[in-house]
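Data block below; observations after.
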Amino acid sequence: MSKQFSRRDFLKLAGVGAATTAILTGCGPASRLVRREPYLQMPEYTYNGLSTYYATTCRECAAGCGLVVRTSQGRAIKAEGNANNPLNLGKTCARGQATLQGLYNPNRVRGAIKHKRGDRLYDTAADPFNDEFPDAASNMDWDAATQVVAESLKNNKPEEIAFLMGMAPDHLFDLATDLANATGITAPVRFGALSMFESRATLNKAAQNLFGQSGLPFFDVGGAQVVFSFGANFLETWLSPVSYTRGFSALREGKTKLRGTFVQFEARMSSTAGKADEWVALRPGTEAMVALAIGRLAAESLGITTPKVFADVDPMDAASKSGIKLETLEHLAQMFANSNGALAIPGGAALGQSNGLAVAEAVLALNALAGNFGKPGGVFFSALAPNQTAYQQPASAQEMADFVQKMIDGKIKVLFVHGVNPVFELPAALNFMGATKSVSQIISFATFPDETAVEADYIFPDHHGLESWGYQRVATGSKESVLSGAQPVVTPFYDTRATADVLIAAAQLAGGKFASALPFKDEVEFLQSKIAPLMSESNGFFEAADINTFAAFFQQYGGWWKTIDGRNVPNGANALNRSISAAESKFAGDGKFFLVPFVSPTLAEAGANKPWLQELPDPTTTVMWNTWVEINPATADEMGLADNDVVQITSDAGVLELPVYRYPAIRPDTIAIPFGQGHTAYGRYAEKRGANPTDLIGQNYNEAGDLAFAGMKVKVEKTGRKQALSRLESLMGVYGVGLGEEH
Amino acid sequence: MIRPEEIKLSADQSGKWGMVIDQDICTGCQACVAACAMENNISFVGEADSGYGRSMHWIRIERFWEGEYPEIKMTPNQPMLCQQCGSATCEPVCPAFATVHSQAEQLNVQVYNRCVGTRYCANNCPYQVRSFNWRDYKRPEPLPNQFNPDVTVRRRGIMEKCTFCIQRIHKAQDKAKSEAREVLDGEFTTACAQACPADAIVFGRVDDPESLVSQLAHRNHGVKHLEELGTLPNVTYFKGG
Amino acid sequence: MAEYTDAVHANVVHEHKDHAKEHLREKHLMLDPLPRGKMNEMVMESMTTTSWKFWVVFGILSAIVAGCLFYVWGYMISEGLGVTGKNRPSYWGLFLVNTVFWIGISHAGTFISAILRVFKAEFRRPFTRAAELMTTFGLVQAGFSVFMHLGRVWLAYWLIPYPNQRMLWPNTHSPLTWDLLAITTYLLSSTMYLFLPLIPDLAMARDRSTGWRKTFYKILALGFRGTEGEWTHLRNAMTIFAFAIIPVMFSVHTIVSWDFAAATRPGWNSTIFGPYFVVGALHSGMGAVVMVLAIVRGTMKNMKYFIRGEHFDAIAKLMLIISMAWAYFFFNDYMVQWYGGDKWTHQLLHFHEAGPMGWMWFAMLIFNIAIPWAVLWNQKWRSTPWIVFAVGLLINVGMYLERYIIVPVSLSINRMPFTWRLYYPRVEILLGIGTLALFIWLYMAASRLIPLIPVWEVEEGQMAHELKKFGRETVVSVSELE
Amino acid sequence: MIKRIFDWLKQPLGLIAVGIAFLALFSFAAYGISLTQTSPAQPIQFPHKTHVGLGIQCLYCHPGAAKGPSAGIPAQAKCWACHNQIQKTLDSQQPDTQFPLLKPLVASVKSQSRLQWVPVAQVPDFVQFNHRAHIAAGQNCENCHGDMSKQTVAENPQVFNMGFCLNCHKKVAGENHDLLVKLTDCATCHY
Amino acid sequence: MTDNISRIEPSGQVSLLAVFPDLGPAADAIDKLRALGISDDQMNVISGVPVTEAMLGRPSQWTNVPRLAGGGAVLGFFGGAFLMYGVPYLYPYPIQVSSQAVIPGPPTVVILFEITMLGMLLSTFLGVFLDSYFPNYRPMEYVKEVSEGKIAVFFKCSPESKEKITKAMTALGAEKVEVAEVEQL
């Protein structure tokens, strides 16, 4: 089957054969080397050599950006942004660009597999740059696979069946939820490493505490004049990097007013902080204190009575504890107070602390001081997606820990995993790996042979995102309420099957309440049933009288969205009248260094198997293909560490060995490690490459249940070994290393 | 037949296609790098080779540091790509005419099939934006399915560089011609400009004073890199800040 | 004649005249004539007397040539240049260092056989051929190195101007095209210039040999008999060659230098590179000549008669002068680059001295300037083959380092600091060793096949030289033959 | 030793042996070159002659030529659309058929498999050729592909090398300076 | 051409070779031969060192080598000029590199020089052979002693005078005088 799709009448030959021909054609028609297969049935609107464009949704992260994929002769060739989609307006991030490298990844699960837990899914000894790289063969057909799913539904108590799902796609989550609601199966749990590092639960909880309403705050960066970001890496991976980058661009271009100022508070200069006008390297754990101190100083500067929320903090104390000069704090406070539109954003490592909730609340309180709620350049609640009634929050780490506990306790007999790779993404300390032993049947729907699939009994691979139907709700990033639609842009490459189809078929096979819970012919019918209610909504981007036309438009435009601002204004009435603890956060471990894990902006949690993402230089360090640990050069000198020296990092939870990157923009008492590598499976390009910093993170949570991933203190020791990091930048030219003396 | 004396030298012309890059809003997110690689069939080279300075990026984002901790600043990200010089130093040194100045498009053209691999052009490029295929970089099946049929797949021993997505230029011109009109400003753009989430890269006709890129380029704080060498680059940078 | 005045002191008394004569005879080949037949025999003997050591060395070299040169080259062609150590920004590496080096070596032959012939420097006579062979074989290595350098060597014929269906000719703007033409011209003309004076000696060898050698020489001697007409033509042609090949020789290395000087790179864009490279080439070439002469003298039979201390002394003097000239040009180049004040050039100069390859820079100065200056002032040392050999060797190392500094080390630094990177050669080293082995291999093979000593030229010289009495002093005089 | 070999080679028998060796070498080379010049084997000895003779336009089966870069090979559905209505096609399924050419088509339609055509008129990968522009400029198919009404299996009337393209481009541009610049620019075909 | 003597053998003439140990006797012998009525173009001298005409008192030899060299240089020059000034007109398309003129000035000098020199030196080399009719592998009159430093005077005389001349030569110091043997060289 795969042959048919890969070998279709290639316009200009593909791959190595092309080059061979190119050389030999000098001697005449060397065409015997090339075979062309015509279409059996030419798809409508298709001409040989002309591209066809299909709108769909990017599934590299859960933001829901619209894509338009260029296809030629049945092959997807290029992913481009969907200019209609209000979320990304035709733009994409690097990961979105590389989505085709996932589609055509040489290591995909190629068919349904009954699998012995722990067995390799491909030959890992082979050269990753070579063609010969045999994958595990499919050993089941899909009828048998559906049978397996049906039986596990039927033969277990509903409460012993669990769905563990990723942040995308939403339609499958809706389907699983419908199934669970109708049959009593445990409500599906959603999780993703990005949501963990974004601390979405904390943001949500803080909003609830301050505004009395649950929801994901939206920060209108583009409209602001001064932006204070406390750890939010919104230009990298945070929530919706593409739309926040657009906001940043608007902030800087000053389209309406002056060029906006941007200040970033964090211990390690992220690539977001690199774009800031001022980078304030505060001591990790003092974010709440600093935010409150700025609030107090700003209030003083404005000449108003200090609001209750800021009253408890002593700016002198905050300055000394955070390591920021008092003058700096005062100057920042004045800047914040006197600007014509100030905005403060909490996020990233600032929330991943034991007092993360306090940080979030304190920073949101600053916005209350600036009085920007609902104003351009201020804080909003993100517009709810069209077929959504309330903000759906993914599971926090705490909830995941509870889930793991349930598994260990044997309360889960059958686990369906889709769209998430908990073995890799959850910190090892949470022991998901151990918990799998207590689950009698694990069925993975993984597209790629990831670590969780290796631990599964069955792998029933879902299509790649570009081969799939579906939709994704845009959680934040656009003013409008957006539902991004997905459709297959190519025929599936391998013998994979849409998980929704498998579940629908299995439910039909299982019969009874299962069959009645999912009374659909297939995934498309289910999707249509889900978007049908939108036809009656007003202010839509398009209208249609019947569902078929509506669905066709939905495909054509890549989703459905409203044309009006759908954001809600938070009620900040009480935000300044609460009291927030300014106490420093607590750190686990007795090491000398604060550990700041951050999500690699180019790889994120699932990019490691795409070779071009591996080869993209990290925006701050320009390292490719590996993981590093960032250490301040002064500290490194003290410890006698040169670039590429391997150090051993020990925390309460684990040990890692990583090569050193002498990073000049990090606090001397802090080290930072990117998250995204360290796979033990997941294909030839990901495996055995770098390390996973979550191995160092212990089971510490903040008040909102999010993981205190930045709440560790670690020891760093020199091992004496060296491992060269691949950098794009020149050590000589950028750092003057090896040029003799300082130049 | 065009006689040599009838050739208009690029130094007397203002260029045709050009680009404006705003370093102040470039976030260094690498979307342009990825987009370029996806559009132009650029090979990835693996860890060892990329670390040894053999990566094939046609566009790279440079950043330096200013000052020392804690007063340290990252310099504005500087996307560096072929500047499509009007008077390119890479061209005259090629013994095989593999890199020449396109009269029709006023671009600096690399003719892959004519390249014998002396690498003189790359040495002589003051911007160091040419990349050489040091090996036949392998793209295991089915990765080659992604190949853009409009762009030649390069093999070992060939120099390559940014083309300003000339395949898109041709496509747009072909389309405009089939519809009997001129190419409109903004009708198409390069892969990097198209992907850039911050809109830091703008591409268009610099010889058309009405185009967006011309309007932007005439802002007074634009600079061209190494202009002092007389290369007449067609990429304008805004340092910003 | 300087030796003579040195040797014959003012207080030499009459009785010692015979002794002085004897001394002069021992010292000067030209004053120590042997019958032509005897010399012929000695030269033939030197070709045909081959010890087992020769074959061992020859075998080892054959293995190195096969392994290091052809096998590795084949591997490199099939794998791509990724197996070398080149990168961005060091797009050029050891191959071009080798090319410049071998072209430099090749300059010595022409210098000795053309310039010294034109200026009638009589000491040149016994070793013009040995030097001219170096030119040809050195250029062969240079050619190999250039082709190795190409990314797609199988298309190298595109650089040759010929009518083609693409209607595309080589680019005459490119210094590499000039280079190709210049090297081709030089290789062809130096080979012809090697061959012309060889014909009479081949005829001699033909007359004195039997078997396959006879056939071999018969073919090569082209039926030369030595009639007046033949000699006149040969003499005429040799004169034309001697004059014409000198500007070709200068142009070759000047053009090689333009490959660098015409580039926009800091450190390369220097107007003095032309003469600087020519002098550098002579510097290494002279060093190589003395090395070859010392080895030939030490290993081949009967060569001690033909190659004597006086020859080493004379070449060593040239070496000293050239070393001074090189130092002058080096300083000139450095001075002007430094004075120019361009920040990238300053960075590069600093990098040369203090960068990771700084030791090369200092070694270059020591080997190229300090050592020749310190050693070659002394006439006794100048006349001692092994000392001159050692100096020649060091000069060659120094000149190799000079080219290494100019090519890959200078390439590491450019106007884009983000791309600065060092270069570490990999298979280039093997291929470099391969070319060296091929050079020696060719030379060894040639030493068994063609008379290394131009016997007729030596005889011609001996016929022309005599001792003549000026007052009370006996001096050497030369009569004009040509 | 070598001398003896040479001596042997000088006698008539030796000369003949040398001659034969050279001839063999030469014929191998000639065969190798001729291999690259002959049209390759096709799954069906497709009679273009017949189809053109029936008055079918080139663009009917290869419509891509007028629309985009590639003329393309017609989908099998297109072949079948006509052929399943032709008595001959049906007859060819009989065992004693006189229409063997149609058998592979019938077989492939029945088995839903694809015919493996071998492209004949082909430019190398580094040439970006666009049929549309050429058709739009009024070029006829036969200018490059030869007269199909005389061919059965498509043959390449000429080697598509750069000289062939350029000669025509030069001729077409004539004295039009701008057009000549465009049509002879390296970047028009190579990128 | 003096060399022609060896090839054109007038009927009835005998070719004799007299081998002398040194230049002096050879010069004397030539004078003697002349006195005996053998003209200069009936004589030839074969030697192992380049002996100038003046040494033996022989008429100077005609050579075309300098002319051929000049001709080659002119040809080379035009070859170079074609490459520089002709080829750009052969291109059907404008090839522009950088902003340099299509026919560049300074490189023209370089190319013209190199190709001129190449033409000149090649034609000099070939001229030597063209002009003196060798390579020549046909049998020739020759004595091997020549390469041992002897001077051989080669002349033609009538059979009658053979005896006389032989004697005269021997008297002048000829080591041997004999009928020139044709040797396969």
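Observations on the model:
Per-chain numbering from 1; labels A, B, C, D and E assigned in written order.
The rule is short, and it goes like this: a contact is a pair of C-beta atoms (placed from the backbone, for glycine too) under 8 Å apart; a residue touches a chain by one contact, two chains touch by 3 or more.
Note that the coordinates shown come from a computational prediction; the quantities given were computed from them, not determined experimentally.
Separation of chain A from chain E in touch steps, taking the shortest path, is 2. Where touching is counted per the definition, the chains common to chain B and chain D are A, C, E. Chain centroids computed from C-alpha atoms place B closest to the centre of all protein C-alpha atoms shown.
Across the two candidate interfaces, B-E and A-B, the one carrying more C-beta contacts is A-B.
Distances between chain centres, each the mean of the C-alpha atoms, put E farthest from chain B.
Farthest chain from chain C, judged by C-alpha centroids: A. If you average the Cα atoms of chain A and of chain D, the two centres end up 51 Å apart. Remark: chain D and chain E have CA centroids separated by 59 Å (rounded to whole angstrom). The geometric centre of chain A is 66 Å away from that of chain C, both derived from CA atoms. Centres computed as Cα averages put chain C at a distance of 55 Å from chain D.
Shared contact sites, meaning residues of chain A that touch two or more other chains, fall at 11-12, 18-19, 22, 49, 728-730, 734.
Residue numbers of chain E whose C-beta contacts span two or more other chains: 92-95, 97-98, 100, 104.
Residue numbers of chain D whose C-beta contacts span two or more other chains: 69, 124-126, 161, 166, 170, 180-181, 184-186. In this structure, the chains touch in the following pairs: A-B, A-C, A-D, B-C, B-D, B-E, C-D, C-E, D-E.
For chain C in complex with chain A, the residues that touch the partner chain are 347, 350-351, 353-356, 358, 412, 416-422. By the touch rule above, chain A contacts chain C in their complex via residues 728-730, 732-734, 738-741, 743.
Contacts from chain E toward chain C in the complex involve residues 1-3, 44-53, 58, 61, 63, 65-66, 69, 83-84, 87, 90-92, 95, 97-98, 100, 104, 107-108, 110-111, 113-115, 117-118, 120-122, 124-125, 127-129, 131-132, 134-138, 140, 142, 144, 146-149, 185.
Interface residues of chain C, counted against chain D in their complex, comprise 165-168, 211-212. Those residues of chain C whose C-beta lies close enough to touch chain B in the complex are 79-84, 86-92, 149-153, 155-156, 158-159, 168-171, 173-177, 180, 259, 262-265, 411, 414-419, 421.
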